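Some structures to go through are shown next.
Two complexes follow with subunit A in common, the first pairing it with subunit B and the second with subunit C.
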Partner chain A sequence: MKKFGLACILLFGAVLLYGTMDFPVYGDPHSPASQHVSDYYIEKTIEDTAVPNIVTAVLADYRGYDTLFETAVILTAGFACFFLLRRFRRPPPKFRLYRHLDTGITLIFEEGAKEPVDSDEFMRIDSQWVPYDLIIQKAAGLVVPFLQLFALYVVAHGHHSPGGGFQGGVIFGATIILIAISNDLRSTSRRISESISAKMASTGVLIYAGTGTLCLLLGANFLDYGVLSQLINVSPIMARSHGILLVEIGVGIAVSAVMIWIYYNLASAGRHDEGL
Partner chain B sequence: MQEMMEVFLARYNYWVVIFLMMIGLYAMIAKNNLVKKIIGMNIFQTAIILFYVSIATKRDASIPIIGHGHDGHHAILVADYMNPLPHVLMLTAIVVSVATLGVALALAIKAYQQHDTLEEDEIIEQLKVEYLNQP
Partner chain C sequence: MIWQFDLIILTLVVISGIAAISIRDLLGAAVLFGAYSFMMCLAWAVMGAVDVAFTEASVGAGVSTVFFVAAVFRTSRRSKD
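This part shows the complex of A and B:
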């Protein structure tokens, strides 16, 4: 099987390499991919939308349908992980581990034993051996606010610099995942629970689709943001810019929430009690 | 020979992409472990992303963000900015690849819970035994 696979791959590679002989050379400004609609985007974006970042304008305005359904794909992935893995009814664990924080002693509580509540003195730890890593916890806690601020900056400043809803949302989701890795899953899901992340994911897609529907109700086409100028007192071109921002915020919320949700389900194999 | 080298150097981005594609496809076909297959799928997706981004480049061009965006009308030369369209397509493709990775890993976890192994041949063996033993 391996040799057959290797032969297939080599044949595949050889055919593709032969095909590249007709391709445009690297960095060719007149390559077919850079003709047609791409020139229009570069020349007209400022006139049409007042957004200097062409990628953002194309993403949220010219190709708004594409991005809407990409966001829906991500939401579907979150739901798929949930329905594949999540288990609500589970047998109680045979034993639970608690750490006495002052002395660092690990206590084993067998099934049925009276357990301490999570307090300042006792902390529940995962059943795989988990060292007490104060430095990692505190260092991650120190970095996370700044990372989240940066994520918000990336979302909000996507019009003028590289960035946007997808990138900022992924950074924001990664900060929550960083908290979950450096502390544990239980304390993180007490802060941002699964139901909140699921609702946020749906809300993000709803903001996107709702912006489109708002344009529809105001008498224009779906996702035609220019008509939003009736609501906010700006020119139709600036209204496009603001509409793009609204949509990017929706994308950011959806992406960050789905990242968190997928992580919760994957790290604990759907049990949400302990993981990683 | 000289001519061959020139052809190669002018299109080296495709060679890199095809090499990555071959690695990913080989891992998907020949590897026995499901997680290694998933890693192969991710390498393949990365190759596609690299392909799209590399065909977006123009010689001596800048990133597709228009400088001096708001102060008056400047002439915008198409040759000064890279092609934004492949960047847009890949921006969404990256996030979708993360999402498919999540679903693939969820399926792998599910398979591990059912069969206690991630090796494909052992899973197929178990399925065969199950099939033969059913009434």
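This part shows the complex of A and C:
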């Protein structure tokens, strides 16, 4: 069976490679993909939207529907992980581990023992024992603010350089995941709880869809940002640029929140008490 | 495009792809998949698709590797076949 599968894969791979021989040459301006709308985007993007990065303009303006539903797909992925993995009713653990911070001694509290909740001297640690990593915690804490600033830069500067809502949102979510890995899942989910991340994910998609609906209410087509000039007192061309920024912010919020949410559910197997 | 770069990157893509599906240790497979994503990111960057390369670097090589490691941490590290 294994040999049969290998033969099948080799055969299909050979057919696919044979098929690629009919592809147009790389960068060929006469290839079918470059015939219809590519010229229009390349020549008219600056005139239409005042956005130097054509990719951002195509992604968030000309092909706004695609990006809206891509964001909805990511939100659906977050919900799918939640429904598959989350466990609300869990039996209490047999024991809990606490570390005495001054001496570094680990104490085991059996079920029923009185636990030092909210004590300054004791810190709860995961049941799979983890050493106390001062260097990792402090180093992660040191780089996280700069990474978050970079994430905001990527979102805000998507008009001029590579980047945008997706990339910036993922980097922002990754910084929170870095905090969760370097400290622990409990203290991180006390700062950004699961319900906040779920609400932020939904809010991001709502910002995107709401921008489109606002255009609809002002008398234009869905996601036709030019009409926003009635509200913010700029030319319709600049209004399209600002509309793109607005939906990129929505995408960034949604993507970062979904990344955090999926990580919480995956790393703690849906229990949200201890993780990676 | 510089064909020497292309050749090196594509060879590494194929090697890390085959290694990621043939290795028994699933944590190693996750790391190899991150290396595969990073090589794909370099390939996009060489072709001039910088936005796609950025997305591949942040999503493919960054966050999805973390998700794989988290999933391996919660399941088993050895694969059966």
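Keep in mind that, in the parts below, the second predicted complex is superposed on the first by the 273 of 276 C-alpha atoms of A that agree within 3 Å, B and C clash if a C-alpha of one lies under 4 Å from a C-alpha of the other, contacts with A are read in each partner's own complex, and residues count from 1 in each chain.
Keep in mind that, in the parts below, a residue touches a chain if its C-beta (ideal position, glycine included) is under 8 Å from a C-beta of that chain, and two chains touch if they have at least 3 such contacts.
A quick note: this is a predicted structure, and the numbers were derived from the prediction, not measured.
**Student:** With both complexes superposed on chain A, which partner does A:34 reach: first (subunit B), second (subunit C), both or neither?
**Tutor:** A:34 contacts subunit B only, not subunit C.
**Student:** May I ask you to decide whether A:163 touches subunit B, subunit C, both, or neither, giving the answer as first, second, both or neither?
**Tutor:** second
**Student:** In the superposed arrangement, which partner chain does A:179 touch: subunit B (first), subunit C (second), both, or neither?
**Tutor:** Touch status of A:179: no partner.
**Student:** So in the superposed three-chain picture, is A:171 touching just subunit B, just subunit C, both, or none of them (first/second/both/neither)?
**Tutor:** A:171 sits against subunit C, while subunit B stays out of touch.
**Student:** Check whether A:215 is in contact with subunit B, with subunit C, with both or with neither, and answer first, second, both or neither.
**Tutor:** Once the two structures are laid over each other on A, A:215 reaches no partner at all.
**Student:** Output check: A:262 vs subunit B and subunit C. Expected answer is one of first, second, both, neither. What do you get?
**Tutor:** After superposition on chain A, A:262 lies in contact with both partners, subunit B and subunit C.
**Student:** Does subunit A have more residues touched by subunit B or by subunit C?
**Tutor:** B
**Student:** From the superposed pair, tell me which subunit A residues show up as contacts to subunit B and also as contacts to subunit C.
**Tutor:** The answer is residues 26, 53, 55, 59, 162, 164, 166-167, 170, 259, 262, 266, 269 of subunit A.
**Student:** Using the touch definition up top, name the residues of subunit B that touch subunit A in the complex.
**Tutor:** 7, 10-15, 18-19, 21-22, 25-26, 29-30, 54-59, 61, 63-67, 69-70, 76, 78-79, 81, 83-88, 91-92, 94-96, 98-100, 102-103, 105-107, 109-110, 113
**Student:** Hey, which residues of subunit C end up touching subunit A in the complex?
**Tutor:** The contact residues of subunit C facing subunit A are 1, 47, 50-51, 53-55, 58-59, 62-63, 66-67, 69-71, 73-74.
**Student:** Which bits of subunit A are touching subunit B when the two form their complex?
**Tutor:** 1-2, 5-6, 8-10, 12-13, 16-17, 20-21, 23-29, 31, 33-34, 37-39, 41-43, 45-46, 50-55, 58-59, 63, 66-67, 70, 73-74, 76-78, 80-81, 84-85, 160-162, 164, 166-167, 170, 255, 258-259, 262, 265-266, 269-270
**Student:** Please output the residues of subunit A touching subunit C within their complex, sorted ascending.
**Tutor:** Where subunit A meets subunit C, its residues are 26, 53, 55-56, 59, 154, 162-164, 166-167, 170-171, 173-174, 177, 181, 259, 262-263, 266-269, 275-276.
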